[in-house]
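Two complexes come next, and they have one chain in common, chain A, joined by chain B in the first and chain C in the second.
The block that comes next holds the complex of A and B.
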């Protein structure tokens, strides 16, 4: 799997090296203006063929070039709902701070998660190789970041649930495997049947009356042991 | 064998031109001014003049060798002809009648005209009208479908080759009555109208840049953005075209250093040599600055003048990027934008030439210099 990532990034790097041949070009449509032609798209002769590099169905990279600007749009792999939300939020965070990155576009191109816009001015100010290295590093880092974020969300979820359900543990309870506790001690008769649906947080004084459950039961119940 | 002299003048150099005695150089440091530097000694350059008249970046400079005038064109649609009066350069506005930016300029071989290529899909030919003391322009309006990126005069002072971002190279006649009639030689296209297209070459799939005529005017060379260089022999009713594809990144400009040898410069930061063998077939010979070979290092003699510096900035956007990229060889670090011969115009062999490039920003510590360079060639 790591191999396909290497190949994917190598392919993108080679394409970027060829595509990043930009030069200063004044606008043909409006006098005295200088606009990135890849965004304008008014003169088709100034645009080159866009290149789409797909690693698999979920991950792809679109590179559109013109005479003075280059646009790179990435679609990051999102395996499940959680990754979907995390990616969206993380990339939105970055895009909103696009000024700090200089080459980042504030809104991703339709159908993609994040976009870069590199103009000839960036190539004049910054080294082309370093820009390409930055993009490749960014792609590697995003994947790592999303993975870390997901792990930390799951870890936090587990910790929070553990802490929350810890309050239901008392020392002298007898427990069975089943989550529905069948035997009540007389102390608990006033409280409703402690089925799963009744994990209502009561007033602190009544907490002790809620049937206790072992820690193991908590983890089993929430299925937290199964979270990746 | 190449001996290279490197000089730094500015962070980025858009275009440059040499004075007739090669002691001064006019360059645009990627802003609205033109700086003129004079060489006082081997490595020491002093900025003599700053020509400030344009509102936007100066895209083309040419220094005429006989009449010592500088013509500058800019993205602000204006052009000025500067003449040295006393110690100051005095500008004369040229009404180009353009409604878009001007991209390139070149004096004609006799220096009575100059041609300007523009983003308005036109070419302006300007000549001096003695009665009104004024530079007047005539436009070639038809034919171009996109911006004209480069112009080149044929040695006969009438034919003009242009390249454009529509991928075509065209040759026009710029015969102007009153300017060209006086010395019409036999066989010269005296009957052709102004603006008449002699030839259109549709060899390139992509944008065309950097057209040049060979010293005799027999061969035309231009580059296409698809990493190709095109050579056209016997330009006329039955031209013979050859396309040479090369590896690596496209070129931006070419220069004929003799009838059979061409140097191309471009995004590779390393000038390339192309030559025609005895049968007339052109091919790529080598790079000028080899990365590993010590050929250029062996002869660093000190007789060479001017160079433009190179910029050794180390600032990069990514702090975590490891420096896995190999440096493209040669003296320049960034793409080379223009190549200019150092020598009398029209001479059959060019012994030295200079290249200028756009450089990167320097890092905060101030011991970096920006340069563009000049390389001189001993071939």
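The block that comes next holds the complex of A and C.
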């Protein structure tokens, strides 16, 4: 999977290197105006063929180029409802703060999750190669961030559920002892009560990924202590 | 509706303020909590030893909204908070379920006082818990042969947050229909409940259980499914009953608090990531200069390049000023200083020239 991501990103990088040859070009329709031609699309002779790069059905990248501007639209993978919500929230958060990013478009192109608009002025102010690297890094970071967010939300939910359901477990003595061992160890190495084995360890691989949970962190989660 | 902390913070703060006040202060305070709990505190200077605390809570069972009467057992529990401190006022204040008279003189000093006041602030928690405790006890001791006729009991401690309790063979089930307003809350909550439902004695389902057939449609219409807890007789034994009841009463609050904290966490992470990305983008423009500077050239080259330009401008400005002064000196006429006008050389700027023939002629008025 990592291999396909690398190939996908390499393809996008190469396409951007070829496409990002922008120059200043005043508007042909209105004098003394200078508009990004890729947005207006009034003069077909100024537009290049758009390139669509698809990693799979859910992930794609559309690169539209014109003489003085370049538009990159990204569709991010959303496997389930939670990822869908997180992606929407996060990308909308970034789009609303587009002025901080300069090259980000406030509204994504229809059918995509986020869009960039790079003009010749950006190419003059910034290094072309660094800009391309930024776009690629952005794509990697978004994917990583959404994955981390989903994992964190699920881990927190499981923690809260464990704490809440502690009260309903009849085998209180055994459960409390196991949980105390878990709280004081660096990893969840102790096996929990048999009645909870499926609940806590339902994905064995995840056991190693769950960070050390202490009572302090649970309190922090509820905002009773310092913010994590 | 119950809450995560048993003690009401406003009630506790007000009672502590009255208790610690050096002089009696007039207090007539009315406040609500969580939309369904009402308090009234009255303390008058004319009767400085007694504080009247009234409370009421909405309790809806089987569709009828009533101010349910408090059982004698509950009264005993309340009185035992502080023997000699609490008196039940009968009849309670108009519009309230219960009115207590607190005798400030009988409150022991020191830490014990804070303990008692904290316990008094848990008044609503005690009332709500006792009502649910009695219900669970009565359901638990019912004969199983009558379980077919056991209709689910609908309990509403907070408007739009009802839950159901019904008896099944060897257990009692509490079902919570979950509803959230925001779409993102629904998704986070559903994922949370699905995880929770995999635990023993807890289950989640998108459709209502069969036992709830016949209940009002608006209660059974949910966007986050139904969470059920199985309560066995062991949960109701002894001290565990208090814990079980408190958890049931707090389930809605706990779920909402978790959703709220999750959203806050997501927001913090998004903000942090955004800052990282913005820094990364800003480096694309600055890195070139930094790279040049790191190549061994003097980093003040730009400064040196700029300085002469500035000096040049300064020189030009000085020249301009001097020229204006020279022009203006011919126009200045000061009354009373006419004798100096004929000899205006003292205001002319000296010229240092080696050649005497270079002396320019100065026109005299």
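Keep this in mind: the second predicted complex is superposed on the first by the 166 of 228 C-alpha atoms of A that agree within 3 Å, B and C clash if a C-alpha of one lies under 4 Å from a C-alpha of the other, contacts with A are read in each partner's own complex, and residues count from 1 in each chain.
Here is the rule we go by: a residue touches a chain if its C-beta (ideal position, glycine included) is under 8 Å from a C-beta of that chain, and two chains touch if they have at least 3 such contacts.
Keep in mind it's a predicted model, so treat the numbers as computed, not measured.
Engineer: May I ask you to decide whether A:17 touches chain B, chain C, both, or neither, giving the answer as first, second, both or neither?
Structural biologist: Touch partner of A:17: chain B, not chain C.
Engineer: Quick one: is A:134 in contact with chain B, with chain C, with both, or with neither? Answer first, second, both or neither.
Structural biologist: A:134 contacts both chain B and chain C.
Engineer: Tell me the contact category for A:81 with respect to chain B and chain C: first, second, both or neither.
Structural biologist: The second partner, chain C, only.
Engineer: Where does A:5 make contact in the superposed view: on chain B (first), on chain C (second), on both, or on neither?
Structural biologist: Touch partners of A:5: none, neither chain B nor chain C.
Engineer: Of the two partner chains, chain B (first) and chain C (second), which one does A:98 touch, if any: first, second, both, or neither?
Structural biologist: After superposing on A, A:98 lies clear of both chain B and chain C.
Engineer: Once the structures are superposed on A, label A:47 by its partner contacts, choosing first (chain B), second (chain C), both or neither.
Structural biologist: Touch status of A:47: no partner.
Engineer: For A:27 in the superposed arrangement: first (chain B), second (chain C), both or neither?
Structural biologist: A:27 contacts chain B only, not chain C.
Engineer: More residues of chain A are touched by which chain, chain B or chain C?
Structural biologist: Comparing chain B with chain C, the partner touching more chain A residues is C.
Engineer: Touching chain B in one complex and chain C in the other: list those residues of chain A.
Structural biologist: 101-103, 125-127, 130-131, 133-134, 137-138, 141
Engineer: Given the complex with chain A, which residues does chain C contribute to the contact?
Structural biologist: 183-184, 187-188, 190-192, 195-196, 198-202, 229, 231-232, 234-235, 243-244, 247, 251, 254, 257-258, 261-262, 264-266, 268-271, 273-274, 276-278, 280-281, 283-285, 287-288
Engineer: For the complex, which residues does chain A have touching chain B?
Structural biologist: For this pair, the touching residues of chain A are 17-18, 21, 23-28, 31-32, 34, 43, 45-46, 48, 67, 101-103, 123-134, 137-138, 141.
Engineer: Within their complex, state which residues of chain B touch chain A.
Structural biologist: Residues 12, 14, 30, 55-57, 59, 75-77, 99-101, 103, 119-121, 145-147, 165-167, 206-207, 225, 249-250, 252, 266-267, 313, 315-318, 320-325, 333-335, 337, 358-361.
Engineer: Mind listing the chain A positions that touch chain C in their complex?
Structural biologist: Chain A reaches chain C through residues 81-82, 84-86, 89-90, 93-94, 97, 100-103, 125-127, 130-131, 133-134, 137-138, 141, 145, 148-149, 152-154, 156-158, 160-161, 164-165, 167-170, 195-196, 198-199, 202, 221-223, 227.
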